[in-house]
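Input: structures, listed below.
Two complexes, one shared chain (chain A), two partners (chain B, chain C).
Let's look at the complex of A and B:
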């Protein structure tokens, strides 16, 4: 297990390096000049030149990249052009909000999606199953910004006052109010994923239910309830966990659109705001942070897979894969 | 119906009583919303200590019969029967909970593919322990592992230090032995249903597993229903044979009679299709045609299309019943065996 962990972590390094090169290059290639934006259009040329020099934009791009990379490896993401605060602080401020949103959305996906899939599989081709499948397909097909806008319409216009639909209450201020303020955004984020997870759980359950070892358990006289929840579900959840893992990566990266619609000041918003003013250090900092989270969540999922599936864990230890 | 309690059955002459009797079994699957009969008018009796073979081509309903008898099928599959009597109790009259206790308790099943018969993410020990927890109330939890080792030893496996291993760490042959040990863990076991238990094993391992099954039969007076499509396994193992075709019984015979004097043309053609060894260079016999679709509407004999020895129109117009063959214990569903039809044919020829 240790060896497996080390190997997976090692493989993350080249991936992250590649991402950093691509992200850095693309960002610099994007039109717009942060120096110009910071001093203003009417500023004299010498002020512009000074701002450029301060931002070290006159260096060749590869010099900029390596000095940034060297700083980043030491954990220093630089300082924001706009408010001169360290980028790590900006991320640190916004991260808890995004995490709160992501955890809530994940809970929705798991608590609603998996049972729906199980019910659907157990009632395969019956009316319940058909309804769940149609609803899932609907959920998958509707983009989450549409769901978000509809939720704002429902709770902001038709039935105002039931749920907060704009802004965010920090969890330190009022726990309940804070959770309420991220509820609708979490639902909007989760909606398409619930459908996906329900469908995936259904097909995976059906596949496992047709396996010989389920028949064998039945032939042993194991209770049907135990067969479904213990024998079947655990194996059926393997592919679902992979998908949930990837989703966790996305969710922790913050959702630009949903955060914008609901006015939640999370990482996604930070990314958009910083890019709008070409605040390079913040933008690239957030991008790299999201990339790191994404890669590590996937490593964790890989390792979790090993915990659930002995063939991977034991097989790795004994040298066969 | 005679009750057959373990205590009042000591007299050896009473051993003719059957331990399992199934009559009028009909199992229907649903295929794209349409019910398709997979097994019809099926009957079977098994006497104590007897091994009954169930043979037929793939798709003839052999496995379905076993699953139906054991009550393993779930809707939309439907099982009807006139009776399914195990040791004097009709299983259809039992509650779901009682029926569940019969499964693995008085009647167990082993499967074709041992590696898939075990849950891949559980250790062998934990899967074995759950069997004991279900069917061995006489044991305390602390005694489970000793009992498992003892049961494994009976099937020729030294289980010491291996209970924490996972199924994929064993060979197919070992797994089938372990499966047999699991299936036979209950003390009340009367009938073992074996669904092609050696099909996925190579021939040397196959011989060992068959030997093991024979040994268990002798030691524990087990009855078995052995599903196979391998006639050499039948010859080696079985006392009596039920031949199935397209979900129906076509012949029931003692194993000796089956090979020496097969009555149904299907059985005859099956036997003819066994390649000789050493092969003498002749073309192998292959039955023409294929098994009819299970949802086909057929007026006469289901085998008529492929039969080499039809006796006339009657084969296409009238469904043959199971007729008693003269001078034999065999019954066969063929008009040639029916004395009345044979006589009619005699008249039309002369």
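Let's look at the complex of A and C:
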């Protein structure tokens, strides 16, 4: 297990390096001059030249890259062009907000999506199942920012005053109010995923329920409740966990659009705001942070597999699939 | 024996294509999705000719609710939302189609090239590149690529590539890994088939094997993915344009219509939100349904119900 963990972590390094090279190059190739954007169009040429020198934009690209890489390895992501604050601080400020949002969204996805899928599988092809399946497909099809806009319409115009629909209250200020301020954004983020998880749980449950060992357990007179909750669900949740894991990666990257609609200052907003003014250190810092989270979440998911289903730890060689 | 297997595969495949539409039409759900596809195609083709007003013409009645003259109301500049919706639908659908065509061609080619040399340097180079694309936040990648591509005036012969096509290409790039992965996985499976060995032993050139032998046999999962890809491309366009990073005003698309709507939602201008939202959501739904149905028809190995899956597993083990 330890060896497997080390191997997976090791294989992440080249991927992350490649990501950093591509991110760096793409950003520099994109049109827009951060120096010009920071001093303004009418600034004298000397000021522009000074700004360029301050931002070290005159160095060759590979020099810029390697000095950035050397700093990054030491945990220093540079300073923002706009407010001269360390990028790590900027990320540190925004991260808790995004995490709070992501955790709430994940809770919604799990608490609503998995039971819906289980019910759907147990009532396969009955009316309940059909209704859940139609609702899930509908849910998957509505993009989350559309859900977000409708929530703002409902709680901002039709029924104002029930739920906050704009802005964010820090959790340090007022815990309840803070949770309330992220409730609607979390619902918007979760809505499309709930359908996906319900569908996946359903098909996975059906697959497991048709296995021989389930029939054997039934034949031996094991109670149906035990079969479903103890034997079936555990195996059926494997693919669901993969999907939830991948979604955690996305959620931690911050949903730019949902954050924009609700005015939540999370990581996603930081990414788009910094990109708009070509604040390279911030943009690439956030991009690398998201990439690291994404890669590591995938590794954790793979390892979790082994914990949940010991057969996989032994290796694929003995199993059929 | 191996050669007959080849011809058999081809002939079976051709027969599939001929009756595919008819077989899809025989199912109720597929019929619904086919009608949906038809409606969207019609809107994209003839919609702008039906527009009652100039979509950019400013009116003197801003933020008016839907009425007999303005079917979908007017926006903050008094423009007729229905006309803008018709023009915008064409742009959104066009971006979606172009993006998927781009991703389908490039992704399949890269995936097949990788799959033919699995485990070799070419394979890992291509697939790592795909991993890198997947690891980027999509909503930054699309505008960055659009920006990079748009720096010079690109042209194919006499056709100058406009901003709409650039956005489509950028979204296409984001979708490439999905198609590449599917193409690679399918090629890996096909390479073990006897007919490939046969063609190779006759000295068939790689390019011919790729295009003439492999492509027809791995087309099914790619076509299925194209339907899902369309749904995805259209919602990505809507999201990117919504953030102001895609289609630029005064041009209209579902995304820019929603961006215009954002500030006026809390003033109760529901008509600005509702119509483009429904258009996006129903489009995604229709193509997701179509994808599901196509998969059932074309790709029996991926069937969703357990009983069917069992039979196909027996078939695969033969």
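Quick note on the criterion: the second predicted complex is superposed on the first by the 314 of 321 C-alpha atoms of A that agree within 3 Å, B and C clash if a C-alpha of one lies under 4 Å from a C-alpha of the other, contacts with A are read in each partner's own complex, and residues count from 1 in each chain.
Just so we're on the same page, contacts are C-beta pairs under 8 Å (C-beta built on N, C-alpha and C of every residue); 3 or more make two chains touch, one makes a residue touch a chain.
Fair warning: this is a prediction, and the values are worked out from it, not measured in the lab.
**Student:** For A:256, select first, second, both or neither according to whether it touches chain B, chain C, the two together, or no partner.
**Tutor:** Once the two structures are laid over each other on A, A:256 reaches chain C alone.
**Student:** In the superposed arrangement, does chain B or chain C reach more residues of chain A?
**Tutor:** Result: the larger residue contact count on chain A belongs to C.
**Student:** Classify the contacts of A:61 with the two partner chains as first (chain B alone), second (chain C alone), both, or neither.
**Tutor:** In the superposition, A:61 contacts neither chain B nor chain C.
**Student:** Could you tell me if A:231 is touching chain B, chain C, both of them or neither one (first, second, both, neither)?
**Tutor:** first
**Student:** A:70 in the overlay: touching chain B, chain C, both, or neither? Say first, second, both or neither.
**Tutor:** Touch status of A:70: no partner.
**Student:** Examine A:219 and indicate which partner it touches, taking first as chain B and second as chain C; both and neither are also allowed.
**Tutor:** So A:219 only meets chain B here.
**Student:** For the complex, give me every residue of chain A touching chain B.
**Tutor:** On the chain A side, the touching residues are 125, 211-213, 215-224, 231, 234-235, 308-311, 314-315.
**Student:** Help me check something: in the complex, which residues belonging to chain C touch chain A?
**Tutor:** Spelled out, the residues of chain C in touch with chain A are 128-129, 131-132, 135-137, 139-141, 143-145, 147-148, 150-151, 231, 235, 238-239, 242-243, 245, 258, 261-262, 265-268, 270, 273, 277, 280-282, 284-285, 288-289, 304-307, 309-310.
**Student:** For chain A, which residues are in contact with chain C within the complex?
**Tutor:** For this pair, the touching residues of chain A are 14-15, 18-19, 22-23, 26-27, 29-32, 137-138, 140-143, 145-146, 149-150, 152-153, 156-157, 165-166, 203, 206-207, 209-210, 253, 256-257, 260-261, 268, 271-272, 275, 283, 287, 290-291, 294-295.
**Student:** Okay, in this complex, where on chain B does chain A touch?
**Tutor:** Result: residues 33, 67, 70, 72, 76, 100-105, 108-109, 111-113, 116-121, 123, 130-131, 134-135, 166, 168-169, 179, 182-183 of chain B touch chain A.
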